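By letter and in written order, the chains are A, B and C; residue numbering begins at 1 in each of them.
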Amino acid sequence: MRIAFAEMRRRRGRWLSIVGAVAFIVFLVLVLAALADGLFIGTTGALATGNSDALVYSTDGRRSLVRSELPVSDLPEIAAVTGVADVGALGVLLTTATAAAAPFDAAVIGHIPGRAGEPTKLVDGRRPEVGEPGVVLADASLEDEGISLGDTLTIVGASQSLSVVGFVEDSRYLLAHSLWVPLETWEALRIEVRPETARLGAFVQAFPILVEEGADVERVAGEIDRVMGATETVTTDEAALSLPGVEQQESTFTAIIAASFVVVGLVIALFFALITLEKRGQFAILKAIGSSNVLLLQGVLFQALFATVAGYAVGFLLARLLGFILPSTVPVAFLPATAASLFLATVAMGGVGAAFSFRRVIRIDPASALGGEA
Amino acid sequence: MFIAVRDLWRSKLRFGLLAGAVGLLIFLLLFLNTLSSTLLGSFIGAIENNSSEVLVFEDTARRNLQASRLDPSVVVDVATVPGVAAAAPIGELTLTVDLAGSLTDLSLWGVDLEGPGRPVPIVEGRDPGPGEVVVDKSSVDEGFEIGETITLVPSGTELTIVGYVEDLRYAVVPTAYVGFDEWVVVFETEFPGTPMVPLSLVGVEPEPGENPADLGDRITSVVAGVEGLDRAAAAAAAPGVASISQSFALIVGITFAVVVLVVGFFFLILTIQKLRSFTTLRAIGAGTGYLASSLIVQIVVLVLLGSMLATAGLWVATLGSSASFPLTVDATLVAVVTVAVLVFSILAGLLSIRRIAKVEPAEAARGIN
Amino acid sequence: MTAMFVDDVTKVYGEGRTAVRALCNASISLRDNEFLALVGPSGSGKTTLLSVIGGLLAPTSGSVIIGDTTLTDLSKKEQTRFRANRVGFVFQGFNLVPFLTARENMTVMASISDNSRNDIEERADQLLEELGLADRSDNLPEQLSGGERQRVAIGRALVTDPDLILVDEPTASLDTELGTQVVKLLASEIKSRGKAGIMVTHDLRMVEFTDRTVKILDGELLTGSDPAASD
């Protein structure tokens, strides 16, 4: 260990380069993952961070919020199903909204404040009251656009204006900024902006539900569909994946991240195999003066672990730094689970790479340290 | 050259490992590029590759196709703008359809089959007539094949698929193109009692020699309540696309930078290894220029070898592609990426060369340990 | 007492027509506290013999006995351990670890041998004094002169208090004055500590510091291989 450490200390330049290379590789994957996670949350946040275990759609809606239609009057029936602890309502209207200045893509989401499906991460202000007119709970990403509490928003094509009373986080829908309004407000807006839907009467697009403590979500979902007849109830996770484009996005990103993990892992492994290979002369000397193979291998492993851990730390910091300076139009999310698994993968691959060269190290002939003539 | 090649040949394993690592990184770059353009294409292919070079939106819709609703009379107004050779209505409607017993989403585009916005080129089959549609070829995976009948839900209207187009997908769902008048009928059937059937866009064909972007601006200023954009701008402005394409641009950019830096690091580390041999070479009279060019030769060989490995890897990846997610090996992409990595790697290698230049030939005689 | 005994050792490289006989039926014995000079021209096989004695090279046939241990009977692992603890090797190219200081090049033996770190460090400091390296102890090999590096190599060979010291061409890269100094130093260290040593050299002027000289030519040992005969 001492020898390994001494080598790193004295050959600082080279080891800094190694740590640097690992850092950059780690940085790459962390940023990729953060972008993927960011896009996922930006697309599905409204559902994913909503307070629900499952969503009830109409069967012909085929898990599409835009196409699903259920009469509001169905709510009490669903609430009565065994295992259902709470039922809320969801309706989504994709349109444009304006604040004082520039217009922005908006998803006006009608919900019942205080019931299942409402966004959980309130970061500022307050929630609207049930049925309270003229107010809106906006996604925190709008703060970056210069909107603050008390500002007035107008929906294009509608006469009503809305006052911002609070902000929630990670609640965007299909990357549009979400505006959460009480269900009644949503109905009124919808009729004005999409007049062709007026004939349908008071409807919602989905009923978010919460199941009772200990109940099996899948079973309750099945029960609801059995009782109601024309519904399809899916878990919130499945619902998120069914949002348009999400599955393709996710599979694309999964492919990208998987490829990156593999490439990064192999590159790191190759890297350390290469470095160990280069040290043949040094190892021959140490063997000649009586160093055992075990000692050398320990040193190699130690250096690999040290360099990968240090490289990971630097890469991690760089990635976070990038996250800070990115403009708000690029959604990023650094999830701890991703960071942790990448850490393990990096260190493991460093070890694997070092191990690749073990056989060669063992085979190094101490006699090769002898210079000069026979 | 001689030394460079001999060195390479003698340490095959070391160079093999290095080429492997570089190859993997280049592969990643190519793979990312391919995936991102495929994904983006499935979102906005219909806009980006539309046969109208200029697309006119409702101005308050803020370039959002879903929110854009135009009165049919706008087509005439747009047609009178100087520079417009032809203007035609385009309507888009996403609805549920029944295909061979199972329900699926469909993006139905109503277009002037002879004007701007018409689905071209038809890669297989023929132009649609009444009651017929052509679909984007990627939809084949979802069961949309020539000869199949699509039944709209809940109206029951039936449409037969008679041909394929390529790269004209919209919003990731299967996409079909039908004559505009039929599309209007579909809309009215889906939404009975609707006061008016709005267009989503007006497709414009510019006069020869007209710059699409400029024409778009002109249309915006002349006609009230509209915004004209060239296809590329319209595609880039589609909601969510901006975020996705920015994210991807960032991903590709960072990957590129990392690939170059890592290759540079590799060479820096290896050059330091070879200091002793370089010293000996210097002692026998090799100039810095000679050593530097040897290093560059090695970098070139390495990057080219890595690039070949990467292309092979990409080709293997394309074997896993499907009609809905087509992956192809784009020769231009490979060439551009290879050249870019090469150029920057050589620049990074120049750093190593500085190290070589500092080597004192006299040290060789002393026989440094 | 015999400190070391080489019994009929042959070393052949390669096979058939391309076979090279580096050593041919070599036998030699060394008494306790004896400093032997092994003299021969380039290519005579002296480094090969030294390597076989040190366990760095396995002979094609024959055996090597050091003290009470038959080296050639030990496994590779045991040979390495033996070398770490019981043999001190001063290489022709010094073979110092380039990223360790003079002192560290000696104390590294604490990680490698079975000696306690305290013992090694004590002896290292003492040797640094005796070898005149006290004020160079924190320098890296690249900062030391040839003679200083040579002395570090000697110190490393002695720091584990081995029974047998093997020295390969100690004067090869030094001028006459320095070379003589070094060999004198070696002799005094070996003799005063009661150790046995073999020095390979092609410089006949150095043999005056040794107890006995053995000549080697083309892999064969000539006069003086038997201590009794040459006294």
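Keep in mind that, in the parts below, a contact is a pair of C-beta atoms (placed from the backbone, for glycine too) under 8 Å apart; a residue touches a chain by one contact, two chains touch by 3 or more.
In this text the structure is predicted, and so the values were computed from the model without any measurement.
**Q** Which chains, if any, touch chain B and chain C both?
**A** Of all the chains present, those in contact with both chain B and chain C are A.
**Q** Quick one: which chain's Cα centre is the longest way from chain C's?
**A** Most distant chain from chain C: B.
**Q** Which pairing of chains accounts for the highest number of C-beta contacts?
**A** Max contact pairs: A-B.
**Q** Could you grab the centroid distance between chain B and chain C? Build each centroid from C-alpha atoms only and quote it in angstrom.
**A** Roughly 69 Å, centre to centre.
**Q** Give, as an integer number of Å, the spacing between the C-alpha centres of chain B and chain A.
**A** About 24 Å, centre to centre.
**Q** For chain A and chain C, let me know how many angstrom lie between their CA-based centres, rounded off.
**A** Each chain reduced to its C-alpha mean, chain A and chain C end up 64 Å apart.
**Q** Can you pull out the residues of chain C that are in contact with at least two other chains?
**A** 93, 95-96, 98
**Q** Would you pick out the residues of chain B that each touch at least 2 other chains?
**A** Expected reply: no residues.
**Q** What residues of chain A sit close enough to touch chain C in their complex?
**A** Residues of chain A touching chain C: 1-3, 6-7, 9-11, 282, 285-293, 295, 366-367, 369-374.
**Q** Using the touch rule from the top, collect the residues of chain B that touch chain A in their complex.
**A** So the residues of chain B in touch with chain A come to 13-14, 17-18, 20-21, 24-25, 27-28, 31-32, 35-36, 38-39, 42-43, 60-62, 64, 66-67, 94-96, 103-105, 153-154, 171-173, 191-195, 239-240, 242-244, 246-247, 250-251, 254-255, 257-258, 261-262, 265-266, 268-270, 272-273, 325.
**Q** Taking the complex as given, what residues does chain C use to touch chain A?
**A** So the residues of chain C touching chain A come out as 22, 42-48, 51, 56-57, 77, 80-85, 87, 89, 91-93, 95-100, 104, 108-109, 111-113, 140, 156, 168-169, 172.
**Q** Under the stated contact criterion, what part of chain A meets chain B in this complex?
**A** Going by the criterion above, the answer is residues 13-14, 17-18, 20-21, 24-25, 27-28, 31-32, 35, 38-39, 42-43, 60-62, 64, 66-67, 94-96, 103-105, 156-157, 174-176, 195-197, 199, 244-245, 248-249, 251-252, 255-256, 259-260, 263, 266-267, 270-271, 273-275, 277-278, 326, 329-331.
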